[in-house]
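Notes to accompany the following structure.
By letter and in written order, the chains are A, B, C and D; residue numbering begins at 1 in each of them.
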Amino acid sequence: MTTAIRAPAVSVVPGLGARVKDAALAAFVAFVLLAPILGMETVPGPDGRLTLDFHFDLVAIGALGVFLGRLALSFALRGRPLARAAAGPLSVFVSRYGNWLGVAGLVFALALPLMPFSSRYVIDVATTLVIYVMLGWGLNIVVGLAGLLDLGYVAFYAVGAYSYALFAKWFGLGFWACLPIAGVLAAVAGILLGFPVLRLRGDYLAIVTLGFGEIIRLVLINWHEVTGGPNGIADIPRPSFFGFPFTRNPGEGEIAFHQLFGLEFSTMHRVVFLYYLALALALVTNLFVLRIRKLPIGRAWEALREDEIACKALGINPTNTKLTAFALGAMFGGFAGSFFATRQGFISPESFTFIESAIILAIVVLGGMGSQIGVVLAAAVIVLLPEIARELETYRMLFFGAAMVLIMIWRPRGLLAHREPTLRLHPRPGGGGS
Amino acid sequence: MAYFLQQLINGVALGMVYGLIAIGYSMVYGIIGMINFAHGEIYMIGAFVSLIAFTLLGMLGVSWAPLALVVVLLTAIAITSLYGWTVERIAYRPLRGSFRLAPLISAIGMSIFLQTYVQITQGAKIKTLQPVITGGFTFTDASGFTVTISWIQILIVLLTLVLMAGFTWVIAKTPLGRAQRACQQDLKMAALCGVDVDRTISLTFVIGAALAAVAGLMATLYYGVIDFFIGFLAGVKAFTAAVLGGIGSIPGAMLGGLVLGLAEAFWSGYFSIEYKDVAAFTILVIVLIFLPTGILGQPEIEKV
Amino acid sequence: MLEVQDVVARYGAIEALRGVSIRVERGEIVTIIGANGAGKSTLLMTICGDPRAASGRILFEGRDITHLPTYDIVRLGIAQAPEGRRIFPRMTVLENLMMGAVPTDGSHFEEDLERVFALFPRLRERRHQRGGTLSGGEQQMLCIGRALMARPKLLLMDEPSLGIAPILVRQIFEAIVAINRERGLPILLVEQNAYQALRIAHRGYVLAGGRVVKQGTGRQLLADPEVRAAYLEGGH
Amino acid sequence: MKTPILEVEHLTMRFGGLVAVDDLSFTAFKEDVTAIIGPNGAGKTTVFNCLTGFYRPTTGQLTFHGHFGPVLLERMDGFRVPRHGLARTFQNIRLFGGMSVLENLIVAQHNELMRASGYTLLGLFGAGVYRRAEAEAVERARFWLERLGLVDRADWPAASLPYGDQRKLEIARALCTGPRLLCLDEPAAGLNPRETAELGELLLELRDRHGIAVLLIEHDMSLVMRIADHIVVLDYGRKIADGPPERIKRDPLVIKAYLGETEEEELPPEVAADLAAAEGGS
């Protein structure tokens, strides 16, 4: 893809009067937009008919905010466009010290449960974060490397989760037996979907994958006999430490984890174990992606993203190559899904809505497509910000949506957009392009 | 037979609503080649503005239905169009000519934002509107089955047909419509002809939003219940309709909407109501595979 | 009339124009010749503001138009018959001509239409046919006709002979001369068919690698041995 | 006696009502640089697209004498064509712009490397077979980079190269697929005279030293007339001439349809007067 940087806009610096006028206009538009929806809340009245609660104070505040914001923005930008060219200082820094950052991050992640501030809550949030990172890395194969826009990634996550739950419940298989099954089933789902649709144009593919995600969810809701319908599946077997369960009182002939190591029983053991389990899965995903990027198939994915026609002219089979990306991405989604099921012990279709797909996609795209560290950065932003602002729970998705728009405008290629070649003819210093 | 007729009527009414939303997708896609993911939310906002306007009129004591309808229709169109315009200005225009996925991601963000915005300001509960228009025609056939055409269904069909006719005329005969078509066929050349492309694109969003507002009003009247989440499914289905009919083609969007509405009505009538949404998505997948340019779409020759 | 001063323009990372200066005076046919990729078409598009000049200035009738949006430039009186003709394929011939008239106030529409039909009688016959169904030569006539409908003060033409039957090429060039002569309309003509272009041009520029490498009157360039070797004689 | 490498027989390609190529037959020989010339829109690129599997010809037979003996190209999937030893470049350069120059050349050796990586499985575990194959691929890339003078820029993103170098890189990439026949679509477009001359040298060297036949679409007659052994002239999708350059140059049909009259025609009197006036004035 050619870097389509918008032509440098002309710096026509407007005068103060023009700016105030422009801001006033924006405020007026905001007022009209906000007046009905924010200003008049429909509430059921005493007789059951709807009446309105008026909040015009909020509308006024909103319009004023827009006025001031617009004015401030016009001074801050001085006629320049908001969008920036791809590689910023952050990208360059990360590309230079990427390996060190990775090692430092890994050490921190490994040591986290030992840190003094590591409460159960911290570990839980960290586990969630790690799972999103893993999902991001998995989807990165499909979107970042192969350039296939998948809006239904959560379907594979769901396939993994339900496969784990069903196999564990009905066949009594343990986590380590179910994990590969879940991965394989998700990959098969990926192939089944991919086979007919991978020939489609980019944005059509996006909508079809979205439709597929919804089909899976609707099937989960309506196929009561197998999936338990909207109630989901409860009492999914919890993971054990290679056969040693994390229970206070193990069953006949079983030895519990704390007995094995002669520890006091603590519910933290399982939490920490789950954390390390998630971390291990995520690391496997990362190693896999790092490795495969440097193999012919990985390069073919990237080449396909850049120019499919040129790929054909070089003898690359586009359909098979895309299908591999789709299947492998789905497989990691399946792994993550089975971890999700065992961690929660309960799954229902509600966990697999489109919004989840959007969040994972946002992590990949905001991170900078194809960038592994970018995924971590973006996942941290997206998972941790709402946690920090817990009391703003209701506003979380509002910020989330707004952030997606703003980051795209600010950096259309994501936070970290620098790409390092997968192999070099000349060693690092001296040959750096750009 | 009567049952069949009833499903047919329901399907046509439903299809008209889908068609109205689908036109917005189709036009925006035709002109700038992006899927306006937030279009479903624009429809949802149209429904809410209608609901609020009805409630306000009720509180003001306006009880004559035709007057209320006209006022609500105009209000919904005006405010929803402004939403459409603003969304384009904020979330899409800065990204024009940018990296391919950027506007789509931005649109998804916008969609989430608008959905949450309405959820927060209006509450997450389902809103029920007192029926504004009731009654209709009822026919009974020899075996005792009845077929009902409600006034609302008639209104939906009539209003949609009028809008379609008017709109087709605008596109076909006025300078405005010509500029719009020129932009669809060749954005660069349109600019070289002196067309203000940015303005025309804004206008496209405004027209799409206005039609979505009408669809929102109709849905509110038809179902009587709405919530902040109705935009997502309606949006995806309308997009399906647009693709089905051949994206970029306005009669195609209407036709696609009809086909989808009928398919859904018959599917729920004869097979299973639970899987009616699955039916819509399945149709989408099948159409894209076997008829990638839709029923009335223009075939594309791959340039090498 | 038109003055391009040291203009640089890029497409993505590729620098297509590296400091080009040309001018067009009233009533002139000025031609620009050069190989594929020399920047000829980019020059015409840059005059119309797309891509925008990264540096340098463009003056039209003494007014700086470098930073104006395309539609304003066009409304000032610069019409273009662009490369590849760019007929609106799903509009009729008449509608295409109406699009050409967008920059005008519409009061002379019928009159202008008659003049275009007089110039290209074929278009009158086909006025209700869709643009996409015309032959290459007819599309070129429509393309020129559409540009004339704007009542331009300056006409930019990009390779009007491209992919046209030889017999039609002649007709098109005759039309160009006629337009210039009858209306005194200055024309900036980009051509690969250097021979034909230089024959009718008052002055010409040779563009190579995004720079002007030669300029002179049409006859001077026609007679120039280097120009002959590179662009005229099919190489010997 | 020359050996044929590509035999085109009665090739016709229609798009709807438009006949882009009309009953075209010619043979390209292994020892030759064959050029296809003709006015824009004459159907030259369409011929390439039929050869390389991007279009399915309406009728006709295309026999290519590839690595594994003669094969028919007209019904072959595009991505299978290169495996038989037919590589092409594009009129509008199609590089993998975000990937480095070297990576572009490695991707060109995809199928061999896929096999060496055990279809990814062996490669995933770092097998020596794959590492050796990759090193060989890099060496092959280095060879062509050195030949084309791009070796210093091997680690640059392809899109950051100047235009002329991008053209060269696209040729190098096609060469890395190990072709018997190289099809070039206007390779000299946008090159300056010096670069064009170098390109001519390269193509002759491919023919003489590497035994790679060349099929060339080109507008630059100075290049074509200098290096082509055999020229096919198309006009309106039809072949109007076929032969060595000396004959083509003199062919009245070709002159009329394409090359143009080289002797000065009579100028229309008013233009002549005008020209004289303009000259006098300046």
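Simple rule for what comes next: a contact is a pair of C-beta atoms (placed from the backbone, for glycine too) under 8 Å apart; a residue touches a chain by one contact, two chains touch by 3 or more.
Everything numeric here is computed off the predicted structure, so don't read it as measured data.
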item: Result of counting contacting C-beta pairs for B-C and A-B, higher pair; value: A-B
item: Most distant chain from subunit A, judged by the mean position of its C-alpha atoms; value: C
item: Euclidean distance of C-alpha centroids - subunit A vs subunit B, Å; value: 30
item: Whole-Å gap between the CA centroids of subunit B and subunit D; value: 49
item: Whole-Å gap separating subunit B and subunit C, where each centre is the average of the chain's CA atoms; value: 43
item: Cα-centroid distance, subunit C relative to subunit D, in whole angstrom; value: 30
item: Interface hub residues of subunit D, defined as touching at least two other chains; value: 54, 90, 159-160
item: Numbers and ranges of subunit C residues touching at least 2 other chains; value: 12-13
item: Junction residues of subunit A - those touching two or more other chains; value: 1-4, 309
item: Subunit D residues touching subunit A - in the complex, by the definition given at the top; value: 52-54, 77-83, 87-88, 90, 94-100, 102-104, 106-108, 110-111, 113-114, 117, 119-120, 123-124, 130, 134, 138, 141-142, 145, 151, 153-157, 159-160, 173-174, 177
item: Interface residues, subunit B side, partner subunit A - complex; value: 33-35, 45, 48-49, 51-53, 55-56, 58-59, 75, 79, 82-83, 86, 90-91, 94-106, 108-118, 120-123, 127-130, 232, 236, 239-240, 243, 272, 274-275, 277-278, 280-282, 284-285, 288-289, 292, 302, 304
item: Interface residues, subunit A side, partner subunit B - complex; value: 1, 4, 6, 29, 32-33, 36-38, 40-44, 49-52, 81-83, 143, 149, 151, 196-197, 199-204, 206-208, 210-212, 214-215, 218-219, 221-222, 309, 354-355, 358, 361-362, 365, 369, 394-395, 397-398, 400-405, 408-409, 412-413
item: Contact set on subunit A toward subunit D in their complex; value: 1-3, 288, 291-292, 295-297, 299-300, 302-303, 306-307, 309-318, 324, 419, 421-426, 431-434
item: Subunit C partner contacts - residues on subunit B that touch it in the complex; value: 175, 178-179, 181-182, 185-186, 188-197, 298
